[in-house]
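As structure tokens, here come the structures.
Below, subunit A partners subunit B and then partners subunit C, in two separate complexes.
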Partner chain A sequence: MLEIKDLSKSYGDVLALDRFSLDLKKGEVLGLLGPNGAGKTTLISILAGTLGDFTGSVTFLGRNLFADRELKSRLGIVPQDMAFYEELSAMDNMLFWGGLYETSRAGLKRRAAELLDLVGLGARAREPVKAYSGGMKRRLNTAIGLLHKPDLLLLDEPTVGIDVQAKVSILDLIRDVGAAGTAVIFTTHQLAEVETTCSRIAIMDHGRILAQGSLDQLVRIVGERDIVEIMGEFAAAAFSEAVQDLTGERVELLSAGDGLASLAVRDTAEIPKIMDRLFRRRLAVTDMKIKSPSLETVFLKLTGRTLRD
Partner chain B sequence: MRRLLLVLRNDVRRHLKSPAAILIYIAIPMVMTALIGIIFAPRTEESTLPPIRVVLVDHDKNLASRLLLGAFDADEVKKMLEVTVSDEAEGRRRMEKGQASAIVIIPEKFTLDLLDARTTVLTVVKNPAEQFLPDVVEEFMNTMAVMLSGAVQAFAAEARGIRAMLDAPVESIPWEALGPELGRAQKKIVAVRKYLDPLLIGIKAEEAKAAGAKTLFTQRDLFSIMLPGMAIMFLLFIVQTLMRDIISERQDGKLRRMMTTPLRPLELVGARLAGGWVMGLAILMVMVALGSLIFRAEWGNLGYFLLLAAAASFWTAAFFGFFSALVKNRNQAGALGAPIILAFSLFGGSMMNPEAMPKAFKAVGILTPNRWFIDGAALVRDGRFPLAPLAVLTVSGIVLTALAVPALRRKTLV
Partner chain C sequence: MKKLRRILHVAVNDLRIMVGDKAFFFWSLVFPMMFIILFGLLFKASDSAPAVAELTVVNLDEGRWGAYFLDKIKTPTIELKIVRSEPAEYSRLIVLPPDFSAGIEARRAQKLAFKKRRDASTKAAARVETRLYQAVARMLSELVLYGDGDLAKFLDGHAEFRDIVQVKTRFPEKTVTVVPSGFDHSIPGTTVQFIMMMVIIYGGITVLEDRKNGVLARMLFSPLSKAEVFQAKLLGRWLMGMVQALILIVVGKIFFKLNLGDFGLSLLVLGAFALAMAALSIFIGSLCTKEDMIIGLAVLLANLFAGLGGCWWPNEIVPLGVRRAAMISPAYWAMDALHKLRFFQGGFGDILPHLGILLALAAILGAVAARAFRVRE
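This part shows the complex of A and B:
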């Protein structure tokens, strides 16, 4: 239902999207995972029609997304900003934003009440939104995007800065929406979220997709190896040098930084050997963790970055 | 159109939900009018306050003290204060007998000090046996002191000329020789008479009496004249805050969200301009109603006034729509908006009577909505149709709209 082909967008010298291509089917929930600055918001903004000056094409429901105004009402957008009126109640916000789409007022009211119940705001729907907590506002922000039953829902970092309950409630909602047949793209830099919510995961950085597939498919990229994370008082260069003679078929240095390095090993038997090299060079180790392959290790391998920001 | 109306209705509802800013902007002009009117306006005939008896001791016996005496002699002041010129000892005797509420002592060299811009002190001796009346005298003298100081500074050039001649004993001053100096001062006095109210109304009353005429100026007239100027000034403030929505929504992402919906940029721009217009008009009419209720102000033919108010509000919405499209962000809008409104109000006659302004001010005033609205309101009050003000506000409003619409549309593209 959605085909994005060779979408490129630059801000001056910065190439925010680099021939980005993606296909999405009905009911598919795609988690778009990428560090800050990867181009996630740029992509969502172009699809939402609020950002111009790009190249490439997007076909939605068989038609050119940018040429057909009708398609706007088939698209639901949940922006990264809390974009609603704080002085109005949740219900009034729903009626306003929903009203901008062609919907009958009675139907809209019913749908708004349903959705507010669904995201747990039903009891406080008549209160001015400014009295809400951050999590409640996020839930409202999400619910507004669903009012007109879109065929495709785009959410930009819908879970940023909220408590666990609110996060779970929003992720449940996304899953339900997908199960009901709406295609969803949501961006995040939180690995755990895509692991539990998505039918497909795409990892992007520097404006393009680096890898995509189901969780299993992605994890296989790093193979059946364990990941060893070592913390200590060492410089990146010294660490690389110390383990140099070990690396090869059985040990791979994934990343080395000052005080933190990670390696992939075929066998845990390699770990004492690594420690031995470090002790010989008098590199102090303060902590060590062994992890089974996960999305995080895939991400680390592909982007060379940890998902801290 | 359906969406345009939806946005418009939502904007009205929003501003009704948090009306604090608008209420304050409605209240300020009312309070200001009330204060100015109560302090400066001549008392109405029904005034029931007994005259307050004051003994004036004049050690100066010079130009300024005579001006002060003249002020006390004005009809309106006379109704409030009954002044006897005497010496301090006599004043204290009267006070003890309860025949005087206060003694006002004008010090020696009062005139010379003023002309040399040295600080000088007017002493008000209050009768300790009385509670309220002596305070009124003190307040009155405070006001006079402020006005006199202001006048001396405004007439600094003339003051120097007069000062040169006053070194000689008063008795030997060649009053005829003062002619050109006094003549020039006189012209300025006439020009700023209205905004240095109490002092200069006093002088005016004296002149009027000499000619055998009677002042017909009542408090109610004063309110009727002042309110339109105040109303247009605060209309500018209110509509500016309304039109700022489009800038802040651009910053906080609401505009972007709107543009993801089927709402067209032109519909949004239309809704915002129409909203500023309609809400501005409504608020203006609330001020009119309050003015009538509180101050019994007269507006003239309400239909004419409604037309004038609609034109002024239309102009204001278009102007600040265009303004909002030009500024970068909310802070810039705030920083630039207030000075523009204050300049409009100063040159356009919201702060002082246009009649009393220097020529250059008057010329600039023609470029402000304040001036046209105030002139229009005066015409309507006189029972005439405000054709010129209506035409000017409407035509320039249309021009501003033509500028604002494309500029605002560009702002909706993020």
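This part shows the complex of A and C:
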């Protein structure tokens, strides 16, 4: 239902999207995982029609998304920055935003009440939104995007900066929407979210998709290897140099930073050898962790970055 | 049709948020009321004419024609005060010179001095003046008819001549026929001023806020185009101006017997003016990045335009040079048109140039605002 082909967008020297391509089927829930600056918001903004000056094509429901303004009413968008009227109640906001689409007033009211109940705002639907907590606002922000029953729902980091309860409520909603046949793309830089919510995961950085597939498929990219994370008092360059003669088929240096480095090893027997190299160079190690393959290690391997922020 | 419905939906929502604001009642009604009352009283002509108009006559005449003339003036609605020398205090005064009778008998032209105190009722003055012309005309006609014989006897026998001269006053068209009540000026003046204040300040700030809050950008997710969002914002701000105008007009009608002249045409003028201000508010709201900038700019512009444009005092009383300069103020064209309708019996033809200028201004400001309009920072 959605085919994105070779989408490129740059801001001056910064290439935010680099020939980005993606296909999506009805009912699929795609988690778009990427660190800050990967180009997620840029992608969503282009699809939402609020960002111009790009190259590439997007076909939605068999038609050119950008040529047909009425197609926008089949698209639901939840922006990263919350946008609604703070002085209106949640219900009045729903009626306003829903009213921009072709819907009957009675039908809209019913749907709005239903959605507000679903995200747990039903009891306080008549209060002005400015009295809401951050989590409540996020939930409203999400519900507004769903009012007109879109065929494709785009959510840009819908769970940033909110409490666990609100996060769970939004992720549940996303799953339900997908189960009801709506295609969903949601961006995040939180691994746990995509692991539990999505039918497909795409990892992106520097404006393009590095790998995609189900969780199992992605984990296989790292293979049957353990990940060793080493913390200590060392410089990135000194660490790389120390383990250089070990790296090869059995040991792979995934990332090396000042004070933190990650390696993938075929066998835990490699670990003493690594330690030996570090002691010899007098590089102090303060902590070490061994992890089994996970989406996190896949991400690390693909982007050379950890997803903490 | 769909498009129109969507535009209206957004515009009405703006209006409803404005009216729902707690401070709205104060800014749109209480605050302008203070202006209306202040400037209304300041320019109140207090012109309810007294039931009996006073006329002081300094009668120095030594013959019989002076008394004869005064007899012609007498009427229940005019109170004659006959004195021998000019008093210090009077409302209106006429002097009959010592040679008044002698002059008439010699068929010499007469000059009578008629003086009016500047601040006395103009309605009463008009009544007295009319009566004076009437008296002169009657005396002249009787003189012509009967020479200088015994007029009283002649008239007893010829009743048909008693009211031979009747003067009916009619004003030429388009003169000030009704003395303006102070409120008939101050209510339209305050309305024009507060259309500016309300639309530029409130309308401008909400354009800025909607942009900052991402609300404008979010509207583009729906089938609305950017041009439609602009049109909706323009309509919303125009409605804000018209609601402000209606509030003051209704209050004026109920409490101050407001008379606008032609009501429909007055609304047309206010509508054209509000449209220009709506465009200006979007322009300012799109240009400014801080609320304070908008408030500062709006207060400056609104007061400059209001003062210069004749919202506070009638433009008719300022020197011609200032009046010319005032033409740069959009408020001038609105106020001048409203005065034409109210005080000079103007019709559509008289305010057509004003409407043209206001609509042209709206078109120019609208084009500029459309270019400046942004949905995101």
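Assume the second predicted complex is superposed on the first by the 308 of 309 C-alpha atoms of A that agree within 3 Å, B and C clash if a C-alpha of one lies under 4 Å from a C-alpha of the other, contacts with A are read in each partner's own complex, and residues count from 1 in each chain.
By our rule, a residue touches a chain if its C-beta (ideal position, glycine included) is under 8 Å from a C-beta of that chain, and two chains touch if they have at least 3 such contacts.
All values reported here derive from a predicted model rather than from experimental measurement.
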Simultaneous placement of subunit C and subunit B on subunit A, clash or fit: clash
Subunit B versus subunit C as contact partner of A:96, first or second or both or neither: both
Touched partner set for A:48, first subunit B, second subunit C, both or neither: both
Which superposed partner A:11 touches (first subunit B, second subunit C, both, neither): neither
Partner chain in contact with A:279 - subunit B first, subunit C second, else both or neither: neither
Touching partner for A:73 - first (subunit B), second (subunit C), both, neither: both
Common interface positions of subunit A, toward subunit B and toward subunit C: 48-50, 69, 72-73, 75, 77, 79, 81-85, 87-88, 96-97, 99-102
Touching residues (chain side subunit B, partner subunit A) in the complex: 3, 6, 10, 13-14, 17-18, 252-254, 256-263, 413-414
Touching residues on subunit A, where the partner in the complex is subunit B: 45, 48-52, 69, 72-73, 75, 77, 79-85, 87-88, 92, 96-97, 99-102, 128
Partner subunit C, residues of subunit A touching it in the complex: 48-50, 69-70, 72-73, 75, 77, 79, 81-88, 96-97, 99-102, 145
Touch list for subunit C against partner subunit A, complex: 2, 6, 9-10, 13, 17, 20-21, 213-215, 217-225, 375-376
